[in-house]
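Two complexes come next, and they have one chain in common, chain A, joined by chain B in the first and chain C in the second.
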Partner chain A sequence: MSYVTIDQVTKGYENQVVLNNISITLKKGEFATLLGQSGCGKSTLLRSIAGLEGVDAGRILIDGIDITNLSPRQREVGMVFQSYALFPNMSVFDNIAYGLKMKKVKNIKSRVKKIIEMVDLIGKEESYPHQLSGGQQQRVALARALVMEPKVLLLDEPLSALDAKIRKSLQKELKRIQKELDITTIFVTHDQEEAMTMSDRIFVMNNGQVVQSGSPSEVYTSPVNTFVAKFIGNYNVYDMEVFRKIVRNRELKGTEVAIRPEVLQLVSVGEDSLDLQENWGIKGFIKDVSMTGNVLRYEVETEESAFHVDYLHHRGKMFEQGALVHILVPKKECIIL
Partner chain B sequence: MKASLTFHKLMVGLLVIYLLIPLVGTLLFSIAGKWDHTILPESYTMKWYIELFQDERFYDAFRRTLFLIVMSVGLSVVIMLPTIFIITVYFSKWEGFLQAAAMLPYGIPPIVGAVGLIKVYSDGPIQIAGTPWILIGAYFITILPFMYQGIRNSLRTVNAVQLVDAAELLGATKFQAFRTVVFPNIISGILVSTLLSVALLFSEFAFANLLVGGRFETIQIYLADKLNSSGHLTSAIVITYYSMILLLTGTVLKLSFRKEKNPVVSNKNRILSLFKKQYRHKNTALEGEK
Partner chain C sequence: MRKIKKQKIYLLALLLPFITFVIGFEIGPLVAMIKNSFYADDGIQVTINQYITIFKSKFYLQAIQNSLVISLFSAVTSVIIAVIAAYSLTKFSQKIQNRLLMITNMTSNFEGIPLSFSYIILLGNNGLFTLLFSKIGWDVFADFNLYSWTGLILVYIYFQIPLAVMLIYPSYQGIKKQWKEASSLLGGSTSSFWLHIGIPVLLPSIVGTFSILFANAMGAYATAYALVGSNYNLLSLQIASLVASDVALKPQLGSAMGVLLAATMIGAMWFNERMMRRIRRDLR
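Here is the complex of A and B:
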């Protein structure tokens, strides 16, 4: 039974369609991510769920209740904004207690104290937002949303303004808190690595539509189209006509083929150990080598095209620029699009 | 580096001297007895001030000016604050119209505006030409650009739209969101706009003279009248009302500092930051997470 249902939601601004007939269902306690480039509609969808944007057509249901036409305050959803949106005139305690005061809840002190402990902000209760670091501000924003015990937690790129180290630490913490509270969460990001790390399920969006959904592993290993392949995995994508020439095989079907850069292998020309039963072998030379820390990325130029090949960065094991190589392309790893 | 700092200090010093010289000159002239052929007055006297403070007309003019200013600025805050808030937060596509309307006073010379106003309001259903009410209306329009820019900039600086969104999601009504979250954060901006408007209206002469003139003598009309009698007395008037504005501004600022709930952020800095158009919501401390 789905806990959150987004049923054929459509929204447009003037002549532009921002959300095009989107349907999504989520189970209770699921951590879902809307992943896509800027302008794909992911934040608009999130704001529509929050009630901050209306929809032109379709329905949004949470826990079986149609909330499509309810005001934000009636929806029982919590939201964390990219820029935190903390109230500058209030201390950490007052920021977190704000929603409880508005709803005239009892035991405000104990509830706020409990959530402050959970997000590890003990000792900062009387601080004002401008006295906190970016990470601490984000925790306050998270605590402020969580203290209301919302049915669904919406996170609009909450970590994108933080530096890499704090972002990684908060990713773990966010995930821990989400599991601890078993709260259904919808997370918006354009960072595919962040989406992979955090999510139970990813919805890849493009041009106002969900183009693929599935577990991080499914989305990464089985992209359904060129957009997903390029956006989520830095795939090598070739037109099938070109690929047939590269591998000299006329029988391949489909319009495009995608190959992950880390499944390709490089073998120096002259070595005999080429397994051409399971692989296609393509001759080329190392045009460029770049390093992203733990990964070495080779750009290999062949007669017909170019390949990106990723290798884990082992000490001493490296192909020099200009070296002649064979690229081994595993046949079963070629995804026909 | 040091030379450049000295240069900057020198430039600022020159600017301060340039701005202060007329004021110091006026002050000296207001307390000068004999001042004909010397750089500084040959003798000093307080008789111009004594004469001024013994004149009932001065007090009446001052009271009238205060009445006009309080009414105009108060009306402007009461009407413009909710209007600008509603348009900025909920109807942003109409912001252009409001901006254009707020800039209109710059495009109409006071003499043209005054003649038009007299023509419109001298007959018909609202006959207020020659009364202080027409002046209040004209002043409302005169200070519109200051009020609009000040309030709008404050709303943008605090990102009012997102604050309202956040407050509403936490269960606040639109009015509660405005009262508890937006208003406390833009009060400095409102104060700055108000003070600018007060200062502007204190020295406004054209509308006052053309619309009401001697029938409702304001401080500026009183000043213009006294210009013909004695330069010393005029200087004493200028220094007096300048001091009063200074006192008023200082009091308002001091009161607002005391009301400041946040002990760390000085309101003074906030006001200065508004002038500098700086966003003060920055990470300033405790960087570095575990």
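Here is the complex of A and C:
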């Protein structure tokens, strides 16, 4: 039974289509991520669910109720913005209590206290936003949304403005809180790594459409098209015509082929015997080596093309720039698009 | 080291004209005014009699009261109008906003004798509109007298509004759209947003603007003088007649009233500041 249903939602500005017939369903308690480059429509979709933007066609349902034409305040959704959007004139406590005061609920104090404990802000109740760090401000924003016990939590790139370390720790915490409250969450990001770490399900968006959806590992290991392959996994993507020449095999079908950089193997020329049963062997030389910390990235040039090859950064052997190598391409790992 | 010192001296030298100006035209007259206010009419005897005279005279007390009332009234009214007007300004396209701001800027410089004269021409006893409307048969201006309390307030408010709009307008840029969105998602209506977030955020600029308007009205002289002459009892008009009139030249008494005028302005600013700190605790 789906908890959130987005049914053929379409939206455009003037001559430009921003959301093109999008349909998504989410189960209760699911952590879904809308992933895509800026301008792909992911934030617009999130804002449409929040009611901050209208849609031209289609319906949005939460818990069986059609909310398409309801105002934001009637939708019972919570939202966290990239810029935190805390009220600068209110203390942490008052920021979090604002929504409860608006709804005139009872026991505001105890509810705020409980949520402050949950987001680990004890002792900061009387502080003002400008006295807090970015990470703390975002915790307040999260608490302000969560205290309302919304049906759906919407997160619009909430971690993008934070530095790497705080970002990582908040990712974990966000996930913990989400599981603890079992709250259906829609997360928007342009960072594929963040999407992979956090989500139960990823919706990859491009040009106002959902191009692929699935679990992080599904999306990563079986991209459905070139866009997803390039965006999510830094894949090597080749035109089939070129690839046929590279591997000298004329019988391959399809229009394009995608290969993950970490499934490729490098072997020094003349060193070992090559397993050419399971792999294709291609001769080339190391054009460039770069390091991202734990990963060594080789750029290998071959006669017809070039390959990215990723290796974990072991203490062991490293190929020098200019070295002659064979690239072993596992036949099973080639994804025909 | 020496080089730095030299540079500093050059920089200070560049400040010299400014310092001279401030001392010669602002601090100097202020000190002279305070000093003068403690002398008797003869200018020799040191006394506080000038202040006693003011506080014993119903006439002068009434001048202070009138000035306070017209200043408060015109400042409050103008601030309220300007808060609304500046907000509606922000709703136009940038192009129209720029044009409207230009007009506001121009009208904010339209004060003093030219302003009063314009009012006299348009709405005076023989003013254009007054005559036109009475010919047409509309009696909207039948009970209106420009040279009265109402007329004076009308003119004061007229010159205060553009200034207030110019001063408050920029602070609307500081109100983030996302605060409104967050507020509405949390169940707040538009009015609760303005009540709890918008107005408190604007408050420092509203309070600052109010102080300036209040001071502006307290010190306004030419506008009132051209419009009502000495028919109306205002602090600034009394000071003028005491220091520059042919009839009763009493510069010491005028100085004492000037000191009181300055004191009310400082008092108003202090009070505003205190009130603001109470509401905007985050600014402490």
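Brief remarks follow.
Assume the second predicted complex is superposed on the first by the 336 of 337 C-alpha atoms of A that agree within 3 Å, B and C clash if a C-alpha of one lies under 4 Å from a C-alpha of the other, contacts with A are read in each partner's own complex, and residues count from 1 in each chain.
Keep in mind that, in the parts below, a residue touches a chain if its C-beta (ideal position, glycine included) is under 8 Å from a C-beta of that chain, and two chains touch if they have at least 3 such contacts.
Just so we're clear, the structure is a prediction, and the values are computed from it rather than from any experiment.
With chain A as the common reference, chain B cannot sit beside chain C without a clash. After overlaying the two complexes on the shared chain, residue contacts for A:144 are found with chain B and with chain C alike. Look at A:170: by the touch rule set out above, it reaches chain B but stays clear of chain C. Of the two partner chains placed by the overlay, only chain B lies in contact with A:134; chain C stays clear of it. Looking at the shared chain after the overlay, A:81 reaches both chain B and chain C.
Of the two partner chains, neither chain B nor chain C is touched by A:70. Of the two partner chains placed by superposition, A:318 touches none, neither chain B nor chain C. Counting the residues of chain A touched by each of chain B and chain C gives the higher count for B.
Only one of the stretches 224-232, 242-250 or 278-286 belonging to chain B overlaps chain C in the superposed arrangement, and that stretch is 242-250.
Common to the chain B and chain C contact sets on chain A are residues 50-52, 71-73, 75, 77-79, 81, 83, 85, 87-89, 98-99, 102-103, 128-130, 144-145, 148.
Chain A meets chain B in the complex at residues 50-52, 71-73, 75, 77-79, 81, 83, 85-89, 98-99, 102-103, 120, 128-137, 144-145, 148, 165-166, 169-170.
Every residue of chain A that touches chain C in the complex is listed here, in rising order: 50-52, 71-73, 75, 77-79, 81, 83, 85, 87-91, 98-99, 102-103, 128-130, 144-145, 148.
Residue ranges on chain B touching chain A, taken from their complex, read 158-159, 162-163, 165-173, 176, 180-181, 184-185, 261-262, 264-265, 280-290. Interface residues of chain C, counted against chain A in their complex, comprise 176, 178-179, 181-189, 192, 196-197, 200-201, 280-282.
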